[in-house]
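A quick write-up on the structure given underneath.
Every chain is named by a letter (A, B, C and D) in the order it is written, and numbering of its residues begins at 1.
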């Protein structure tokens, strides 16, 4: 229960430290019969791989995944899928100066407080590197969603003060994969890149916002009260390192809206079903999906590892100054886009499975086949 | 697993519909030996009770709690604490006109999509009334936190456009319990009340933001990766009906800050320990409590039940117009303040118990007594 | 997590002490649309009710159940079903002499060791009375199994040295409900009743074995490794007070069989499917149901409360002699038959729901409807 | 939730098929600070390794474990411990004849029924080989129990008709590690080996019983109702492949005992504490440990893979005869002794952690240090 597993039926367990031998993930509860290859997973791992642009650390990690179990003759078997990624580019020496004191904005102090000591090499388990396990597991979930006609689109909405909303008509989905920041607006991406360069030159760092849209989710997923789909997404996304805020639909803006503005009118969809005229709700009503696209955002704080000197204390409580060496991303969102997508996929995959069990008529039909 | 339980060790299960016979909660995993009476619970239930001001519905619910188990001679026994609240003031007739069509902004449609039909009386399980169960369970958690020196303060930060931040020096904790909106600023409370009256006169409704601060949490609670304390809080708070956003510390504002601004420098606390010069992080680093106050906010959408006519569809998919009758709060936050506090208490109580298990030296000591 | 909940998707939480105000159960995760009335539940509660024969305690408990939530217009709604049973016939005074010392064979000492004190009235939470909550929840599960064509038959196989196997051809299912011991053999029931009378006259008590058969379980339920259906049944049945052994199919006898004896040959079932020539396995292979009847047995120790003087110690560790007063069953199995049936139903209901999620082709079909 | 994880706080997840690339285990929730090396784990893996005697298969598996995470400078860090064992000696060709039909007594048919197809090589996930993951995880738990003064002794009690009880005074603990059957009686081991040879020569197989004793468990572990320590042990042990029965203390024999025989009288232990004159209960009362040794037994069916021809059906439902080739153990218990020990260790480790949370006075003390 120590926090390395997520999901109820479709369940991922991740493991591994930044500078240990390897990192990995085990997915249990994945249905049998889904086509799955190492290339499927590698595709997503490559999207979070550093070293691809100036917006990311210069570390060279190949992040090559190996599937060790749970796949037979190209399809999932229903048994746990174990995925292994060897750590290859480890400069543990870089971290010598942080072994004895606490980096501001990092988990060094809290790990020591919790465990009595810590693996100080590169943050150990609190490193952003743990997200590779999430992405490996998310890739499996995404394959399952493919089978069910569900598609997830995630992108960088803003970096520091630069937002795609600066141009209200500027959303260009095709642009997302064309720039290293995964922003759906070419011009905003260019300005954001300039801002990142500025931060880097100032030995500083930037934060940002990632937005995610999930299309094709059937109405009826999620549960009332504590098991709301929105609550599961909030947990999933807030568990990503550096996330400080989560909002769905109108989010914090809803707090200043009037009910008559925020309510989405229902209307016939012209095909015998029901749809909504607007989607202020972000696709979830009362915690249960309503068939509209699910739309949410996550706020990432600026990267804590900055290379200018900072005040801190040593492990034995003495004041000190720390200059962090090593190679660090100046901003998190671009690489975290695929992590957000992965976590969203894990939530929806789990909700799809649980969603089969809510009506006795359908259960009876299922077993009568 | 259908979403009515929350927590790992300290675990609450709630049940009950708005217009059923009763609602209630079962708390399992509460440690033995905590002083607990029905009055302890009633105190918090009264804070969420409607009918106390113009800011709340005119329904008269006595919400009298009865403890049915788990307490013996005034102390918890370690076995499940079952709490019962009979529903008394039910005007089911008011809801006749919503049985056949879907209220915009409500869970009517999603419940039908999920279950095939629904208890349409007052929202059934999706009613805000389910939060009475949360508050009953939260009251037990709050008693446990008392024993451990942990104190939770929650209040309304804004209603619609009226915020306590309009006066930067205006935070007055003593004021919270003096106005029916639970705002820590007398003047803001007055303006907010006027805004609510305006909304009511316009047959409209308002949203708002609740802020919560938790003092006395020891460093080291929460787990890395998926079990981050921030992620558990995000889930807990986002599971409250009408919550559309959650943020911790600087929250969404962190996305536009620079690392050098957002990082909290560590410093000796003068008593042999460690503290932080600022608390942008909101008391959690890497998902684990750092000993500073935990500070978070939740955004509530405006009340969906407004009395002006709205476009919708009937259960069989035909366009319709709906005028909602019945008595409804014009704004959620004031009554939800105690709900937020309760959910926070449940998260921290659970984290305290799990937090005992992280170090073998302390486990050995524990069993050697 | 303190042990009062059972099941993954179909999940029961029970609460209540022997001499508290009430006992009850909450079932969460029950599918919507199942016909359910209080009479359905009362039927099973009546089967475990004491006071119906010389084989049971003379206590008069009406055990009247009230459904408080989760049912609307006669059908389950998919939301938690809360069931309440008031305690009415409490002779707490009978237990005064056991407050200060530990009854042999009871949980008095272990509760004190765990919690520091205990509700000593009638065993509190460790009383057999807690099984009323299991039966209430099991009744809901049995209604669900009805819908899926699954039938559970439980009965007393032996009491003390008297077994239905004494007459190899003596199994008479119709007899089960005709005698107060629920034995499927009239003559064995008579001999068992005589044995019970003998034990009672000797101020002593008897043990016994309950057997259970589940018909109609489709092949494919249960999971490999830790989630074996047999392991879930073992846990469920072993969690009933006084159970000291559990076995499935040939059980302990299998340990002395040869592989060629124990293996069940497969054969075509003549309808295009597959069946087994024998059922030594008891309906489960590799932890997964094989479509044959599931057959298991549970061994109950003799009732610990006997009225002859026994050696024990007081709470402060001094040697003492104890004579237990009060009214106690001389044997457990007859009343536990419906408890075993209930626990089996809870396991199978949960496995049915989880069993829907194992194949992507069926998941896709489910959502394409 | 698909059955590959076990435990609540101390939690193991295993993965891997018999003839896949590797098998392994991830332990999450293990406390920080426990000394742990690969040699610690290898020691236990070697005990279940085949090829060491005529009682085991001739397969040569080196079963070399690699720790990939969760250990730093020789101690556990509190983060997940990932352990990898590459599969090396795979004769997949041996299994060609079983791809198309169902081996009696095996999970071939039930896996197909559940998943639609299966990894037929050597049983895949249903192979006894999965127990290597349990042993790796159990080794970590055993290291934790060492720190807490808890010791587990497991041994073969009987093989087929040969039992150590044939000589009532014959229990010789030192003998356990001296014979390849792990029987605590030299003479019984010799007779059992002869019986195994006889079965082998008859192309048949044997079953057996394993007994396990746990010393040093403090009173107060386990929970009332569903979380009984006995129920957790029942689940854990019954989840081992081929286990058909589980009993604790007097077990099935208790069903024929009288209360006055079975009850264990309490007595002062002479050191201010309490002990029991006998231990018919097997160390658990009301589901909670009583401080006496915990004693339980598991019945294993005979090995299902026998080399004589057997009747079965093909995947498409046609009658067939099958002769199983390949190398198989003629009996399970000797190699399963360490598996039973491992599962027991996992249960006790988990119960120790959960057991810290039952009393507010101790929780307060814990956090006040």
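Here is the rule we go by: contacts are C-beta pairs under 8 Å (C-beta built on N, C-alpha and C of every residue); 3 or more make two chains touch, one makes a residue touch a chain.
Note that the structure is a prediction, hence the values are computed from the model and not measured.
Visitor: With chain centres set to the mean of the C-alpha atoms, which chain is at the far end from subunit B?
Guide: Relative to subunit B, the chain whose C-alpha centre sits farthest away is D.
Visitor: More C-beta pairs touching across which pair, B-D or B-C?
Guide: Most C-beta pairs in contact, of the two: B-C.
Visitor: Could you grab the centroid distance between subunit B and subunit C? Build each centroid from C-alpha atoms only and quote it in angstrom.
Guide: Between these chains, centre-to-centre, one finds 38 Å.
Visitor: As a quick test, compute the distance in whole Å between the mean CA positions of subunit A and subunit B.
Guide: 26
Visitor: List the centre-to-centre spacing of subunit B and subunit D in whole Å, with centres computed as mean CA coordinates.
Guide: Taking the average C-alpha coordinate of subunit B and of subunit D, the gap between them is 44 Å.
Visitor: Multi-chain contacts in subunit D: which residues touch at least two other chains?
Guide: Residues 1-5, 8-9, 14, 29, 32-33, 78-79, 114-116, 125, 218, 224, 354, 358-359, 361 of subunit D each touch two or more of the other chains.
Visitor: If we count contacts the way the header does, which residues on subunit D are in touch with subunit A in the complex?
Guide: Residues in contact with subunit A: 1-5, 8-9, 11, 13-17, 20-24, 26, 28-30, 32-33, 66-70, 72, 75, 77-82, 84, 114-119, 124-125.
Visitor: In their shared complex, at which residues does subunit C touch subunit A?
Guide: For this pair, the touching residues of subunit C are 8-9, 29, 31-34, 76, 78-79, 144, 147-148, 218, 224, 352-354, 356-364, 366-367, 369.
Visitor: Which subunit C residues qualify as touching subunit D in the complex?
Guide: Residues of subunit C touching subunit D: 1-6, 8, 14, 102, 104-107, 109-111, 113-116, 125-126, 130, 158, 160-161, 199, 202, 204-209, 218-228, 230-239, 241, 243-268, 272-274, 277, 281-282, 284-291, 299-306, 308, 310-313, 317-319, 354-355, 358-359, 361.
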